[in-house]
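The same chain A turns up in both complexes below, where it pairs with chain B and then with chain C.
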Partner chain A sequence: MNILVFTKRVPATQEEELRLISDGKDVDFSKLPFKVNDWDNYAVEEAVKIVEKGGGAVTAVSIGSAESDEVLRRAIAMGAKDGFLVEVDQALHDPFARSALIRNFIQKEGTPFDVIFTGVQSEDDQFASVGGILAALLKLPYVSMVIGIDSVEKDYMIVRRELEGGLQERVRVATPCVVSIQSGINEPRYVSIMGIRKASKVERKSFKGTDYDAGKDAHIELVQWTYPPKKGGAQMLTGELGDVCAKLMEILKEKGVYQ
Partner chain B sequence: MSYALIVAEVRRGIFEERNLDSIGICAQLGKETAMLLPEGQYSFNEKMVDSIVKVKAGEEVFLNPLNMAAIIGKIAETRGKPDFIVFTHSSSGTEAAAYTAGIFGFPVITDVSGYDKERGVFRKSYYSDKLFGEFKTIGESAAVLTVRSGSFKEFAAEKSAAPNEVSVEDVPVSDSRTFVEYVEEEKTDIDITKADFLLSVGRGVGNKDEIPAYEELAGIMKAVISGSRPVIDKMWLPKARQVGTSGKTVKPKVYLAMGISGAFQHIAGMKDADCIIAINKDAEAPIFQYAHYGIVADMHKVRDALKGILKG
Partner chain C sequence: MLTQESHKALVCIQCGKCTGSCPESGKTLFNIRMLVRKKQFQAVVDESLPWYCTSCGACTIRCPRDVKPSEVIIEMRSALIENGSVPLALQKALENTFVQKNPWGRSRNKRAAWTEKLDFEVPHISETESKRLLFVCCIQAYDPRCMVIPVNVATILHRAGLEFGILGEEEACCGNEIRRVGEFGLFEELQEENIANFKEYGVKEIITLSPHCMNVLKKEYGDLGIKVSHYTELLAPMVKEGAIASKGSYNKKVIYHDPCFLGKQNGIFDQPREILKSVEGIDFLEFSRSRENSMCCEGGGGRMFFEVEATYKRNAEARVEDAISRGAEVIATSCPFCVMTLEDPATEKGLIVKELSEIMMEVL
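On to the complex of A and B.
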């Protein structure tokens, strides 16, 4: 089975302060480290696992700036055969525009695939929409939030979707199809610096995003960024660590959960 | 006719409460509403919508995005194109929303948690609620929205008249994707929803080797240990210990959140706790907006200091 898997380079914003600049028109990323989108890491692992078991090849594709090459090297180190970079100079906030560009790329380059994997969403924009729009544009069936792949047959797969409250839904989907992969589906393998260095020797192909512009006009427009709306907010316990912990214990006693 | 089409989410015969947020945003948008439901009887106040469109199909067919896009196409033929198509921001709602947008070439904005009437902009989360983006749709076509649970339900109100009800028959059913069965989570001996005191650890724990020291602290404090999604995904704690929309919804007397930044899906699972105490290195972590008490500190240092006091 040949699997196309999309992987995105995103800013690592956990435990980092995000600052707005230019009156909320931009976010200052200058001091932030970047990483592979968590969901895509699970998608690459799942693709590699399937190919290791049943044969075929994984091709990792990234849409982004030249620096996105680092997530391709990472995917190759995990077991992808090829890495394709579709270079765009501006962030595509609209999932429709992103999906249309991917559709154009796949059709124009005639990239062969049996299944397309995306992560459920990207950590930055959290639209969770590219897989679904892409499937519709390619006239393929779509399954999202896949938390388990039970079997891979010649012309279909049996997969489990994650619903709410611990419930799952088992579905049968014909291939070719588009599948969005949920985090926690597997245990992504460790990638060493040596592994990435070795992967760097595998040639990655680079494409110009402007060659795939047809019909990718944005359907939505970002007006501005804002900080989160302030709610009540917590009463902050401050001071020396020992004092703070003593106050914490007082609260636990007051609430009757610790004597 | 100018109207908004609400695709209701029903699961195993239950009308999900988050559908009220879909109704609420339509009130904010000032649109008449038609609510799409699969066949069956559901318990909710039907007077909150202007019309009900019953689809002659079970929920397994209805919630399949391939079928849903076809159903919406049929409705647009008879009723005219809606101005908005509104889904819940849930596993199946978001799945069908994106696919529908792709089929019809409509703009889509997901996880909408705010709407500014005057400026006509929708607000959605970025970076796990650390920032919000304000979006406008371009052009005149219908916009597809998924609505965050809890964001708009206060605006859902009764209309003066009972809704008219129509039905859609001859639903096209896809054979390229079909429902097999629901799969329940395995039963375990621990039920975190019954605990009075939960000590919950998140991504900030950093490393699997740190977990036993938290289990030890929970043991001394007589708390039950639970975790947020990143900890469960990495299999550092079992799935039955997960707090959040895809795990358990908990209402303990005290919820002590250590190293949890507060992604919305987590907040939705614990916001009704009597007392929430959050410990996080990042003073800007969204969880401090929902907590009653907050401590900005390294969670490991707090853990060790608490152990020191308790063993003291």
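On to the complex of A and C.
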């Protein structure tokens, strides 16, 4: 089975204080570290596991700046055969624009695939829409939020989806199809720095996003980044320990937290 | 082709001195003598076993054939790392170190946040005349319990009139534990980044807070022509000469725990003791196992970042019990990892754990 898996380089923002610049037109990325999008890491691992078991090849594709080559090297170190970088000058936030670019790329380059894997969403934009829009544009079946792939057959797959309330749904989907992979589907292997260095020797192909009308079909215009409105600050209790504890209990009872 | 460590394993005579000194062998499934034997025969090793090693170095120090069993373990771990078979928590620590240059994944931009607790400015190393660098490293820069160590040591040095600077957010993890976990590629990256900074700013001397950083900077970064010391090495003569004089007294029975990377691996036994003994009021005690024979707290070799399956009594607990039996009120040590591992059982049993600089700050 040939699997096309999309992987994105995203800023690691969990521990960072984001700073807006240019009157809210942009985020200051200059001091932020970058990493692979968590969901995509699971998607690459799942793709590699499938071909390790049943044969075929994984091709990792990344859309972004030249630095996105990092996540391609990482995917190759995990077991992907090829890495394609579709270089774009500006970040494509709009999920329709991203999906249209991917469709144009696949159709123009004739990239062969049986299945396309995307992560459920990316940590930066969080639209969680590229998989679905891409499937619609390619007129392919789509399964979202996949947390298990039970069997891979010649012309179909049996997968499990995560539903609300802890339910799971088992689905039979014909291939070719698009699948969005949920985090937790597997335990992604550790990729060592030596492994990434070795992967650097595997040639990655680079494409220009402008050749595929990058950004042309955007439906969303980024108007401004803003900080969330400030809420009231925490109430600081001061004084003797006993008094502070009594006051705390009083507040907790008043708020109904402690009966 | 056989690696250097495999060649060394071949000269092992299976005398068992390694197992006899190992803090893990005998009470866990880990047996260092057995693993070296397996290395000799290139036999398959259960993947869970190499992770038990705490890198205390006792086996390597006692080995009569210079096999360096602790290095054999590092090589076994490295093979697992390259194969992607790493305990999950450890994997996270390694990925964090790759992204944020510290195993806890805290923001690199906040690496100098501890300086906000000082009432004086600490200059960047480039702004100093002495080019004396205070190498803070990860646990001291981020862990709320250990952030007090750089604050204390910086304050003591400042009061003694000793000029020093820091790298701030340019500092990367020293890599001591990363190398011991077997992630050689990541270790090389950290080493290269730190060395490039040392060279750019013309660093002449490095003072470390953790014995783990001192060990790797002194012994595994290559010959940089830079003097590297643990802060107790710097402070002991200053205390002796009176440049640092205690004003108060500390009227407690204090027992000193030798950290493996300071004591048995680098021979620094006397300086921390000299500092403690200089404090008025301290009734100084020794563990039944001290100095070269000190019992490992199990915090080294990457064990700070993940838990092994433990059905045995932790060494830290045994250590605390020994301290109590000797009548100690306070366990003093000079390593952040030892503070972290000893403090849990100590608190449970009503004993206080102090990093040496904490006691100094109370009397200065």
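The rule we apply is simple: the second predicted complex is superposed on the first by the 225 of 259 C-alpha atoms of A that agree within 3 Å, B and C clash if a C-alpha of one lies under 4 Å from a C-alpha of the other, contacts with A are read in each partner's own complex, and residues count from 1 in each chain.
The rule is short, and it goes like this: contacts are C-beta pairs under 8 Å (C-beta built on N, C-alpha and C of every residue); 3 or more make two chains touch, one makes a residue touch a chain.
All figures in this text were calculated on a predicted structure; none of them were measured in a lab.
In the overlay built on the shared chain, the residue A:K255 is in contact with chain B alone; chain C does not reach it. In the superposition on chain A, A:R197 makes contact with chain C only, not with chain B.
After overlaying the two complexes on the shared chain, residue contacts for A:K231 are found with chain B alone; chain C is out of touch.
Looking at the shared chain after the overlay, A:E187 reaches both chain B and chain C. Judged by the touch definition given at the top, the superposed model places A:Q14 against both chain B and chain C.
More chain A residues lie in contact with B than with the other chain of the pair chain B and chain C. Shared contact residues of chain A, touching chain B in one structure and chain C in the other: 14-17, 187.
Note for the complex: chain A touches chain C at residues 12, 14-17, 31, 33-35, 78, 187, 189-197. Against chain A, the residues of chain C that register as touching in their complex are 81-82, 84-86, 88, 91, 94-95, 98-100, 105-110, 183-186, 188-189.
By the touch criterion given at the top, residues 11, 13-18, 20, 27, 42, 93-96, 99, 123-137, 141-145, 158, 160-174, 177, 183-184, 187, 217-238, 241-242, 244-246, 248-249, 251-252, 255-258 of chain A touch chain B in their complex.
Listed in rising order, the residues of chain B touching chain A in the complex are 11, 65-66, 69, 90-92, 94-103, 105-111, 114, 119, 121, 123-139, 141, 174-185, 196-197, 203-204, 221-223, 229-230, 232-235, 239, 242, 245-249, 252-254, 261, 274-278, 280-282, 284-286, 288-297, 301-302, 305-306, 309-310.
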